[in-house]
Amino acid sequence: MNLSFSILSWVTFTPVLGVLVLLFLPKDRRNLLRWVAVLTSMVAFGLSLVMLAQFDQTNASLQMVERLPWFQLAGMQIEYFLGVDGLSVLLVLLTTFLTPISIISTWSAVEERVKEFLIFFLLLEVGMVGVFLSQDIFLFYIFWEFTLVPMYFLIGIWGGPRRVYAAIKFFLYTMAGSILMLLAILWLGITFESFSVPDLIAQGGIPGSVQTWLFLAFAAAFAIKVPMWPLHSWLPDAHVEAPTAGSVILAGVLLKMGTYGFLRFNLPLFPEASIRFAPWMALLAVIGIIYGAAVAYAQKDVKMLVAYSSVSHLGFVVLGLFALNPLGIQGGILQMINHGLSTGALFLIVGMIYERRHTREMDDFGGLWKVMPIYGALTLIVTLSSMGLPGLNGFVGEFSILLGAFGSEAIGSPIYAGIAAAGVIMAAIYMLYMFQKLFLGPLDKDENKVVKDINLREILTLVPLVVFIFWIGLYPKPFFNLIGPSVDKLVALLQAASVAVH
Amino acid sequence: MDWQDFLSVLPFIIVAGWATILLLVDLWIPANRKGITAGLAVLGLIAAIAAVISRFGIEREAFDGMIIVDGFSSFLQLLFLGVGLIAIAQAYDYLRRRDIERGEYYILLLYSLSGMLLMASAGDLIVVFLAVELLSIPLYVLAAFAIPQADSEESALKYFLLGAFASGFLVYGIALVYGSTGTTALSGMVAAIASAETTPVLLFIGSGMILVGLGFKVAAVPFHMWTPDVYQGAPTSVTSFMSVGAKAGGFAALLRIFISALPGAAVMWMPLTMWIAALTMAWGNIAAISQTNIKRMLAYSSIAHAGYIFMALPAAATPEVAPEAVRAALFYLVTYAITNLGAWGVVLAMEKAEGSGLTIEDYSGLGKKRPALALAMALFMLSLTGVPPTVGFMGKFYLFRAVIDANLIWLALVGVVTSLISAYYYLRVIVVMYMRDGEPEVRSEALLNSTIILTAFGTFFFGILPGLLIKMINQVGLLDLLR
Amino acid sequence: MVLLEVVQGGGFFAYAPLIIALPILGLITNIIFGRRLGERFAGIVASGAVALAFVIAILQFLALQAHPEGVTIPIAEWISVGSLSIPWAIKVDTLSTTMMLMVTGVSTLIHIYAIGYMHEDVRFQGDPGRYARFFIFFNLFVAAMMVLVSADNYLMMFVGWEGVGLCSYLLIGFWYEKGEDGIGNAVAGKKAFVTNRIGDFGFLIAMFLIFGAVGSLQFDQVFHWVHEHGLANVGVISVATLFLLLGATGKSAQLPLFVWLPDAMAGPTPVSALIHAATMVTAGIYMIARSAPLFEVAQSTANLVAWVGAVTALFAATIAVGQFDIKRVLAYSTISQLGFMMAAVGIGAYVAGMFHLVAHAFFKALLFLSAGSVIQGVEHGHHHIEHGDGEPFEPQDMRNMGGLRSRMKVTYWVYLIGALALAGLPPLAGFFSKDEILADANMENMGVYILLAAAAFLTAFYMGRQILMVFFGKARSEAAAHATENPPVMTIPLMALAALAIFGGALNLPGVHKLTDWLAHTIEHVHATEFNVLVAGLSVLFALIAIGFSWLLYGRKTMKEGDPDPLRKILGPIFVGMENKWWVDELYDFLIIRPYVAISWFLADVVDWRFWHDWFHDSVLGSAYRNGSRWLAWVFDLRVIDGIGNGLGNITSWGSQRLRVLQTGYVRNYALAVLVGGVLVLSYFIFG
Amino acid sequence: MTIDLVLFFGLALISVVAAIAMIASRSAVYSALFLVLNFLTVATLYLLLNAAFIAVVQITVYAGAIMVLFLFVIMLLGTERESIGGGIRWQMPLAIVLGLALAGELAYVLLRTDIVQGPMADLSTEFGSPASIGRVLFSEYLVPFEVTSILLLVAMIGAIVITRKQRREGK
Amino acid sequence: MNIPPAYVLTLSGILFALGVIGVLIRRNAIVIFMSIELMLNSANLALIAFARTFAPAQEALRGHVFVFFVIAVAASEVAVGLALIVAIFRSKESIDVDEVSSLRG
């Protein structure tokens, strides 16, 4: 079989091969298991790079398409339909990139039931990549729901003391949203007799009032996943209780599935409703930005703080997407990547200190920079990235988003972007507060004096992220180039709809 | 009446006849080797399967319309026979463990199966009634199989009294329908209703009382209250069989009567079935939450699933949707059968000889002790919740499709919201298995394991590739009466 | 000859990117090798990198002689999204080169100084390992500053803008485990950053507005647009410039965002000299000068700029009078002087502003470094006597000094030069630069002029007070009595800066107007201000009177150990106000104790920015913010939002319990349920 | 006509009273006897409704065999008296109210049905005779008839299974 | 006999309801069972009445045949049911259904 023909399938299902290998390995040979998992995910990453190499960045439509009939259900053809375009290519790469890093980060953190942990982790990767690559809504939904299961186990088995509560809450919240989406998907399938996203977009012609309902149904799923204010309450629990690698993937990739969903489905499928709802979505996004930032500051637990910061950051993403102009959407997509990198890194960082001290209360730390200079320096960079310091990745995304939202016709008022920009101030407050609580001040606790700086393995997990933090911050052009044409196409579609609305 | 007529009821004849023969054979089989009886029963089932398959695709009426052979009946018969195979495999070790192994178990099981087979191809209300009784009476006895254990007694008594009570409604309903249409043949009823020679009110309340009777069989709210008690008290292998078989049998009759014989009255029964479906889903799922005994929990779960399947009825009231609604119901029945049998299989593996090991807490630590078994159980729970990529999701998807197609969006909403609620208690089983520590004692027995493996594989396989099953359902030309 | 050709051809322009690259190279070298190769290496690498950058700046200067219109050197495309296209590009013109020269020049000197100063400092503070880190941050700062000044668009400027803020944060908190309660320095750093971010918010919004109107953030294109359409869009431009002003007030420590600068003195002295006196804080002035075309159009904003500057100048000067911390006096002085510059650019006197900016860099850097020298001298004394180890000693408190003139001769002289330059005595640099501002203000805006003149008077007074308290009289502590002079690595840069402070006025001598002509290539509508004898005379006179006053109070009868400040007697409560920075801290406490009052007050006065700003930080960022976010987190989020989620769960399980009760176990009940269903079904069919 | 009516109402009255007495009687034996009475009156009605064969079956099988079995079991188990209601307080009133509602609904519907309103046509005595029933039973209704036989067999097996267990336990 | 069949039907309805009430208010399993027999019996009456109205059409015999089957079913139910009751009585010494209520909740 020609490898290039089915490259997307390979990217998606390579981890399954790893799972199969893992199944037949003895469960007490932990290092062997870990190596197998890491290598598998590395191979998946390598394959995704092959995908990137084949990606034609001047082409706005789907590429490397694989389209096979899967099964037919009551006249509805359901397809195995994978494809990648500018909207998803970076997210796929982010997923395959973060997975090996997360697995490496668990090397010494997960000592129990290693085999199952790795299996679930690789399965999770399958689900996530599948979500980003599916072009058939039904297939998308399968992957979408499927990601719930391994994540549920990751939180529930290897999580913190309240893991069960958090896991169930995570599962129920996300499922609550997605079942509404399921109904909308069904409605689409019945009405248009197709689940193929490109076909549905091409067909168009969903009447306005119906668009409203469908938009809301899809939005319910995505908004919970993002999570948008006020649907965010599962997030702190899930994050705090999840094991480090779980948090990394949760923040790094899973949340992006929500924003990606808006991008892939809500905007092109229901353009008129998107235009109508843009101000409201922007409002919620802005509330989320401010609210998340305000709440983050009051936290005592580092992970809580980072979790709430995600609410704030993803508010930016949503704001950008619903600016419905190239600037906002491209910024939004890039910001998804940025958030994946910087928040992923932050969770890794929290995990490292937790592994050493078994506490995440910020009051238990202070002055760590003295004993852990490398750790401190890397944390500083990540912190700065997260608060959007120009020259680092976060800024590029945030700026594009804010600029896009500021001039957005759909949102209609620059006030939203103005308030969101104030969120930048608040980001500085809570991020610096965190940094201060952990690293600055006197080193006055005896337990902290003997803490060892991070080791080579841990540095190796962080450095790739930091490299991208700088790269995107200083030279994001290659990234924007990948996104650009597809976004332009989407915006053109939205503009056509905008003419129709007015 | 010719030899073709006999071919039409051949599966029934094989199973019932084989049961009767076995009854005699069993006398010669020593008490400690009843496995032979089980094996022989299996042979009979296989022969019946062959019989069903051999006449697959044939559509005809036999015995003056008493018997209908069509895709619907063949498909369901295959399902019943498959369920029967698994039920025998599940019972074998369990009966020994509980020290209630008797040859009659398998014989009664075959008789009950024969009732189900008859139900699938019933073309007359008289046959429906007899089939209901034929499938129920052996079940009453099977539920009492562990007598003098108190739970078994209580289960059997409740099941029997309420079953007979419901039969009263069924018979009276049939009588009224007969009075209204002048016939009990389903085809005759269609004709009578079409020619407006009916008394609508009689027809309505007659069908209403039939609904009560069959609603009892499938455990629809508010006729469901026996379910948890009976499921809990009956020997688990019986529960497993009856939770799938009896329910599928009831639905076979419901679908046959309401969709193919009474479409003319759809306006009337549509809202009613809709409410029953909604109530059943809600009640079953909500009540399941507070259960601590896994058998009761699964009992409520089976009530809830009856609610889901019930949705096919109101959906089928829209004529264009009817074929798909029936197919969806059939698909869901398969889904439910595979998943539920699997789940009960795990319960069987967990149950100790003295009948303990049945609380959900007893599953603590199963994930560590028996990862494969726990994984299978997790798969079943997820499938019952309706999470992809399991067959349970496909089933729900198909059903919701029909419901939405019939424009019953609010009903679909109830469906999804209640399946969300169901996630809560299904997940709890997973939580207990994986996230709590414990030292569960588990049986590991080849036959039982193979059923669990088989169902788990089916749960997963049809979740990924439902196309095979769907194709099969599509191929069976449905309900010739519908045309 | 070859050199001349290269200069003529503008070949040196090509080296411009190096001005950013060199400091970065320096810091990378130090990151990798700094700790291993020792202090000398780290210091030399860092200083060398900056010195080389200075050379590059000179090359640019030379190249500009031949091509005064300047060039833009593109490096790479940065952000290119939709209609937004922002390159990394370096703009070399007379304005940016002025800043490059000043910044790299002063930086070089301060770097060299820091080699010596930090050698001592890391030992006083007890962590020699942090030496290299200091220079890494210092190099980073220079790089960021270069990005800021060499930017060819607003966004790139913003990169430097926030970058220098970051360095400021890092360096203020350099001794992050020191300060009040061990966390004071870190908190000061955070305060600086956050306050700056408020300004940056303004900058961001301004950029959005400009982009919205112009469709570009390139200086050239923006200014071109302003030329073409400016008059038709005064509204937008006014709003945009207002937000730019907010940005400038943050970075340049003007009202209402000045409060971070005094706290920033927590950083090591070279930091105060370089960042918080000479370079970074002038970024706001530079930015407004750079945006001159916008402010030309938006006259009302420009006016506001002038008033903000003037009021700040006077307000900060009053506080400076009442301070005892040697660096704090200089800090408030810096705020005050920045106010002068701000006022200058506000009234359109861009050259005067830039002139004062450069001159101020010289003498204020000199003053800070000298102050550092004094502090370290006193610390030496303190360490020398040994016995004072146990008791707390504040080496920066002027009340602990006195009579240092004889013990630290070089320092004394350079300090004196710096002080007189700041006081504005001819012929020192400060005289010319300040006088130009005053002359312009006298012409343009009398109110501003009066405020500035009053500020100038106070300036001379508090500098006189400082000199007299520090260097004259008798030592008021053992440490001061044993203070020692510092090594040449510190004093030589001081002397160099002193020379600049003396001769810096030559840059734009009245009648010659070198700087005016030079900047005229970049800033349009600059005019050479005529030397106003009356104004100059008056200011000199005032300065002398002020110094005389200070001599009367502090010189004639020198203070003894434990003596109160003589001014306290004269000014009474006013002095108390000055000393306490007009009760900013007290207000803060008040608000902590009664947050409710603070919040309602905030709501009532939210419109009234001017009254509000004084304790804006303390209420909004302090208690209100903390309490507010805590409330959101613990009360609202957990109870209300989470409650809804869990509430649904509770309702469901409650319902489940109820249904359980129905399941009585009585078979007859179940039959009854069947009957209920049956009756309902029949009723439906009969009556439905 | 009127005689028929009188006859009918008389029988109806007896059967209803017997039914009420059956459910109201505290003794199971009396209940059984009242039920037999009820069956007999109903059998009479069958006769009057031209269902001779069924009437006979009713008397022999139902009133005869089945009820005797009942009585036999009652005797076997002892005839302890039982108070009506008990257990659950709201069960009885609710049951009676709902039961009457059911009766009312049925009566409401059945009295109003127009097809079966009015007098019936006269019939030959052939109708409903054992011969006529037997003919259809073994032609059209062969399948149900055979099923019935299986059913009875199953019931027999069931009864044996349920009680034989008892014996094994006893030994 | 020549009376409106509606009367007979009504009688059957009343008997049915009485049977239902009997099931619901009695605690003696045997009496409950007898009440169920009453329900079946009333259904039979209805069937016969209907059959009478359809007579002499061939379809009318369906009613008779059905009654025949119902009686057969009733007989088999009785066999199983009474066996069950006997079995329970043996272990519980009671046939009060309210005492058979340990499974609940």
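For clarity, chains are labelled A, B, C, D and E in written order, and residue numbers in each chain start from 1.
By our rule, contacts are C-beta pairs under 8 Å (C-beta built on N, C-alpha and C of every residue); 3 or more make two chains touch, one makes a residue touch a chain.
This is a predicted model, so every value here is computed, not measured.
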{"item": "Least hop count linking chain A to chain E through chains in contact", "value": "2"}
{"item": "Chain hops separating chain E from chain D, counting only touching neighbours", "value": "1"}
{"item": "Each chain counted as touching chain C and chain D at once", "value": "B, E"}
{"item": "Most distant chain from chain D by Cα centroid", "value": "C"}
{"item": "CA centroid of chain C to CA centroid of chain E, Å", "value": "96"}
{"item": "Centre-to-centre distance between chain D and chain A (centres being mean Cα positions), rounded to whole Å", "value": "70"}
{"item": "Distance between chain centroids, defined by C-alpha means - chain B, chain E (Å)", "value": "26"}
{"item": "Centroid distance [mean C-alpha coordinates] between chain C and chain A, Å", "value": "37"}
{"item": "Junction residues of chain A, two or more chains touched", "value": "172"}
{"item": "Junction residues of chain B, two or more chains touched", "value": "126, 130, 133, 137, 140-141, 144, 147-148, 156-158, 161, 165, 169, 179, 201, 205, 228-229, 424"}
{"item": "Contacts with 2+ other chains: residues of chain C", "value": "649, 660, 663-669, 671-672, 675-676, 678, 682, 686"}
{"item": "Touching pairs among all chains present in the structure", "value": "A-B, A-C, B-C, B-D, B-E, C-D, C-E, D-E"}
{"item": "Chain C - residues contacting chain D, complex", "value": "664, 666, 668-669, 672, 675-676, 678-679, 682-683, 686"}
{"item": "Interface residues, chain E side, partner chain B - complex", "value": "9, 16, 19-20, 23, 29, 32-33, 36, 39-40, 42-44, 46-47, 49-50, 53-54, 57, 59, 62-63, 65-66, 69-70, 73, 76-77, 80-81, 84-85, 87-88, 90-92, 97, 100-105"}
{"item": "Residues on chain B engaged by chain E in the complex (per definition of touch)", "value": "126, 129-130, 133, 137, 140-141, 144, 147-148, 150-151, 153-158, 160-161, 164-165, 167-169, 171-172, 174-176, 178-179, 182-184, 188, 228-229, 232-233, 291, 296"}
{"item": "Residue ranges of chain B in contact with chain C within the complex", "value": "157-158, 161-162, 165-166, 169, 201, 204-205, 207-209, 211-212, 215-216, 221-223, 225-226, 228-229, 268, 271-272, 283, 286-290, 421, 424"}
{"item": "Of all residues in chain B, those that touch chain D in their complex", "value": "1, 9, 16, 20, 23, 63-64, 66-67, 102, 104, 107-108, 111, 114, 118, 124, 126-127, 130-131, 133-134, 137-138, 140-141, 144-145, 147-148, 156, 179-180, 199, 201-202, 205"}
